[in-house]
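The two complexes that follow have chain A in common; it is paired with chain B in the first and with chain C in the second.
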Partner chain A sequence: MQITIENLCKFFGKVKAVDNLNLDIADKEFVAFLGPSGCGKTTTLLMIAGIYKPTSGYIRFGDRVVNHLLPKERNIGMVFQSYALYPHMTVFDNIAYPLTLKKVNRKEKKQRVQRVADMMGIGELLDRKPGELSGGQQQRVAVARALVKEPAILLFDEPLSNLDAKLRLRMRGEIKRLQEDLSVTSIYVTHDQVEAMTMANRIAVMNHGILQTYGTPNQLYEYPDTLFVAGFIGSPPMNFLKIDLEQEGDGLYLVRRELKIRLPEEIAAQVKPSVVPSQVIMGIRPEDVHIVPANEGDFDAEIYVVEPLGREDLVSFRLGEEEFRALTPAPFKGGVGTIMGLNLTKEKIRLFDPDTGNSVLKSNK
Partner chain B sequence: MTNFGILEWWNPKNWSLTNYIKIFNNHFFPKILLNTIMYTGLTLFLFNVGMGLVVALITTHIRRRTGFAFRAAWLLPRITPVVVYVMMWKAMAGPAPMGIINDYFLRPLGIGSGEYLLMTNPWVFVILVNGFIGASFGMILLSSAIESIPKDYIIASKVDGGSTWQTIRYVELPMIKWPLLFVTTYQTLSLLTSFEQILLLTDGGPGLYQTEVWSLMAYHRAFATYFGNTQWGYGAAWSVVLVIIGIAMAVIYMRVFKFGELLQEPKIETL
Partner chain C sequence: MSIRRMWRAGLAYIVLLIPTLFLLLGYAWLVIASFSSRTEGLKPVGWTLNNWRFLWESPFGSGYSNIWPVTMNTLVMSLVMTAIVVAVASLAAYPLSRMKFAGRKGFLSLTLVLHAFPSVTLLIPIYFVLLWIQRIPVIGHEIPLIGGFGYNTLGGVALVMVAFQLPFGIWVMKGFFDNISWDMERSAMIDGASRLKIWWQILMPNIKPGIAALSIFSFLTAWNAYIIPVTFTIGRTGQSSVLSLYLQNFISESVMTEWNAVAAVGLFQLIPVLLFFLFTQESLLSIYGGGKKGGV
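Coming up: the complex of A and B.
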């Protein structure tokens, strides 16, 4: 089922929860809504589910405007962070609930529940109550309940947030595989950028009710449209540095007290001419910063702290007021306070307008 | 229990079970028992639980502020002094042309001939008077219970395809089972022992024991006979039996609502 969202707005009193959202989700696509809490992602999800009525704008399933449809007329399956399993019903009754409401006959109900429960690996637990299940089992029951009516659209509202790290990793893979096997159009709301990156075909990043960007995980990671996206996607986050962009001869240079970097041709060609010269924000990911001996890199900096991550070490430097991080293969030898050189992979440098936060690179996809 | 009158109560020869036997031999005992069952049962199910639940459900499924105002209005009978409240009902139920009910409701509809309604239909008023006070207790308790059901359950049920009524039936009602048990039990006991409204309204009449209930009987025996004939012991015996009935009712409710299941330990094996 293809979903189209047009100029969608939602007000709660005077608070604007969703602001002029435009989005299209292709049939069978897995889209993540990513953003910090209160960014409007769950509100959007609940409007798609039919729980909230949009203040203005349209939601279409296929060609049909569904704004006025009741939730039960939308054929949607939904999984909640709290699981929302009815505590007074057995697992069987929980999964069968959508069928009970539709008055499906007993025999068919039993077959369908058993089939979906077996698929989720909870076929043995059907006579338990939710209170007698672990978190992971409850989550499986919740997914089974969403799947049993064979919905056209699946909605996930932070379904893995209540699970421990190990189980979360496992369920992440299972849900992704399930979505691919069933080919159901799915929307997955999360504040965890790793979940969004690993699971979704496309990610819609939202902040303060406004869509920041919409693209594949790779586009968002490599060519973020805005500072917010650049800082939100990727862990550890991208480094930002205030720096002057200047023209010198036929080259573009990034200049700051301690450093001067010539932009490589491919990046320089993308810079919008109107921003030269001006102060910009340079962004570069920690894995594109390489630690070399002092005086051998693009600039020198003093080590502030070293954080071992196992496979790699995260080394933080101080540059005036700002912090600058580099990922380096473990074990890193070098103590706090040592001066080291830093070399940047210059093709990976991204530039942003400090006032608007938008990328100043022209065609960045 | 003693033959606890004014005279000679300290004398052991007056201590016997005579008063209990007297209760069951009383000519009006079946009438009073039936009255008590009718009064408690009808008031409880029509109003204290029934109307309380209906009002709670309605006011939690409409706009919040409207619901709140409506619930506040429903509290008026409870916060009005009981004597004033009952006197207002008596006036309302008065004969034409004084009684409001006769004058404004029945006559325009062409019902009845303006008779003194309290005298012709005493039970209707006994139940209404008590019910309108009693319903507010269930309403407050149950509406807060309904409002405290996590929103995810309601959303889940709607997305799963439930209409409002189906959501109430399959999700909300089972989830307020415990407050419902409490309201039912508490209100049963409270109705069994409350008699002040009936005392003020009909004093057990009109006629002989027509609206006399158990607790009113106990009161009448113990305190409302002329001095020198005060049957304290007899009245107390009525009360003791009422307490036993009350305890029995509470136990029955707990069985019916499967109280044990509500308190069961969870059986979680693995995470």
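Coming up: the complex of A and C.
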């Protein structure tokens, strides 16, 4: 089922929760809504589910406007963060509830419940009450209940945030596989950028009710449209440095007290001419910063702290007021306070307007 | 356990014990007095079963009713009142807890005001209302068991007490509905349930402790009620007499009050209350015990 969202707005009193959202989700696509809490992602999901009524704008399933449809008329399945199981019913009755309401006959109901329960690996637990299950099992029951009516759209509202890290990793893979196997159009709300990156075909990043960007995980990672997206996606986050962008001869240079970097041709060609010269924010990911002996890199900096991550070490430097991080193969030898040189992979430099936060590179998605 | 901790626990017990002791003394007197012909303080003078005579004969002669129909009356009135309070309060509390509509806040504050309203001041207008209801055929005075909903009927008395109990009931139930997660209700909506089905199939089973608590409070209020039954029935000898009025038979101006018999009847009235508590204290406690694991 294709979903189209047009100029969607939602007000709670005077508070604008969702601001003029435009989005389209292709049939069978897995889309993640990503953003910090209070960014409007869950509100959007609940409008798609039919729980909230949009203040203005349209939601279409296929060609049909569904604004006025009740949740039960939308043929959707939803998994909640709190699982939202019915504690007084057995697992069987929980999963069967949508079918019971549809008055599906007993034999068919039993078959269908057993089938999804087996698929979710909870076929043995049907007689139990939700209170007797672990968090992971409860989550599986919730997914089974969403699947049993064979919905056209699956909605997930932070379904993994109540699970421990190990289980979360496993369920992440299972849900992704399930979505691919069933080919159901799915929307997945999360504040965890790793979940969004690993699971979704496309990610819609939201902040303060406004859609920041919408693209594939790779596009968002490589060519973030805004400072917010650049900082939100990727862990450890991208380094940002206030720097002057200047023209010298036929080259563009990034200039700051301690450093001067010539932008490579391919990046320089993308810079919008109107911003030269001005102060910009340079962004570069920690994996594109390489530690070399002092005086051999683009600039020197003093080590502030070293954080071993196992496979790699995260080394933080201080540059005036700002922090600058580099990922380097473990084990890293170099104590706190040592001066080291830093070499940047200059093709990976991204530039942002400090006032608007927008990228000053012409999009090359 | 360290000595300090033991000392602390002991202190708590001592603090609790002192007021409890005074209460227990009262009950002890009640029990002792009901089995003796006279008491000097807590000391019985002559054991006797005479005070419990009311169980098998009418102590005031044939013109007065026996205690058993009176007990039945009290039970019927209390159950009718409880049933109506629980049904109406839970139906009213659901929209007040879950839906947005004009006048919601006003309604809530109004019920709070009603709760605080001294019921005695309303007795006279209610008397006229009940007289008016009595003139309605069938509903007024011809329903079997409860008599009807008019003046001098069990149903009428129950109805008045329902009105006084409802504000409290609505607030209690609203509190319980407020505690159920929205997600559970949203989930049921997506599963295809109507509002009424959500109320009945999803929410009501999950607020059983609330229903139990409200039932118990309502039942006890009705069981012990005095002023409303005495005002809206034709008194202690009538067909619609209840236990609290029956007790009044023992206290009269012309004869010496038999306090020991009063104690026995009082104890008799207390028995169902004790039983009720015994069987429901678990659900009463679960109100305070917090949710079960995974109880959402």
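Please note the rule applied: the second predicted complex is superposed on the first by the 365 of 365 C-alpha atoms of A that agree within 3 Å, B and C clash if a C-alpha of one lies under 4 Å from a C-alpha of the other, contacts with A are read in each partner's own complex, and residues count from 1 in each chain.
Rule of thumb we're sticking to: a residue touches a chain if its C-beta (ideal position, glycine included) is under 8 Å from a C-beta of that chain, and two chains touch if they have at least 3 such contacts.
None of these values were measured; they are calculated from a predicted model.
Peer 1: Are chain B and chain C a fit on chain A, or do they clash, once the structures share the same frame?
Peer 2: Aligned through their shared chain, the two binders clash on chain A.
Peer 1: I'd like to know which partner A:H88 touches here: chain B for first, chain C for second, both or neither.
Peer 2: In the superposed model, A:H88 contacts both chain B and chain C.
Peer 1: Under the stated touch criterion, which partner chain does A:I76 make contact with: chain B (first), chain C (second), both, or neither?
Peer 2: A:I76 contacts both chain B and chain C.
Peer 1: Using the touch definition from the top, say if A:K102 reaches chain B (first), chain C (second), both or neither.
Peer 2: Both chain B and chain C are touched by A:K102.
Peer 1: Could you tell me if A:L46 is touching chain B, chain C, both of them or neither one (first, second, both, neither)?
Peer 2: both
Peer 1: After the superposition on A, what does A:D164 contact: first (chain B), second (chain C), both or neither?
Peer 2: first
Peer 1: Between chain B (first) and chain C (second), which does A:G136 come into contact with in this model arrangement: first, second, both, or neither?
Peer 2: A:G136 contacts chain B only, not chain C.
Peer 1: After the overlay on chain A, which stretch of chain C ends up in the same space as chain B: 1-9, 19-27 or 55-63?
Peer 2: Stretch clashing with the third chain: 55-63.
Peer 1: If I apply the document's touch criterion, which positions on chain A are contacted by chain B in one structure and by chain C in the other?
Peer 2: On chain A, the residues that contact chain B in one structure and chain C in the other are 46, 49-51, 70-72, 74, 76-78, 80-82, 84, 86-88, 97-98, 101-102, 131-133, 135, 145, 149.
Peer 1: Under the definition above, what is the set of chain A residues touching chain B in their complex?
Peer 2: 46, 49-51, 70-72, 74, 76-78, 80-82, 84, 86-89, 97-98, 100-102, 128, 131-137, 145, 149, 155, 164, 167
Peer 1: Write out the stretch or stretches of chain A touching chain C in their complex.
Peer 2: Residue list for chain A touching chain C: 46, 49-51, 70-72, 74, 76-78, 80-88, 97-98, 101-102, 130-133, 135, 138, 145, 149.
Peer 1: Which chain B residues qualify as touching chain A in the complex?
Peer 2: So the residues of chain B in touch with chain A come to 150, 152-153, 155-163, 166, 170-171, 174-175, 177, 266-271.
Peer 1: Which bits of chain C are touching chain A when the two form their complex?
Peer 2: Chain C reaches chain A through residues 181, 183-184, 186-193, 197, 202, 205-206, 292-296.
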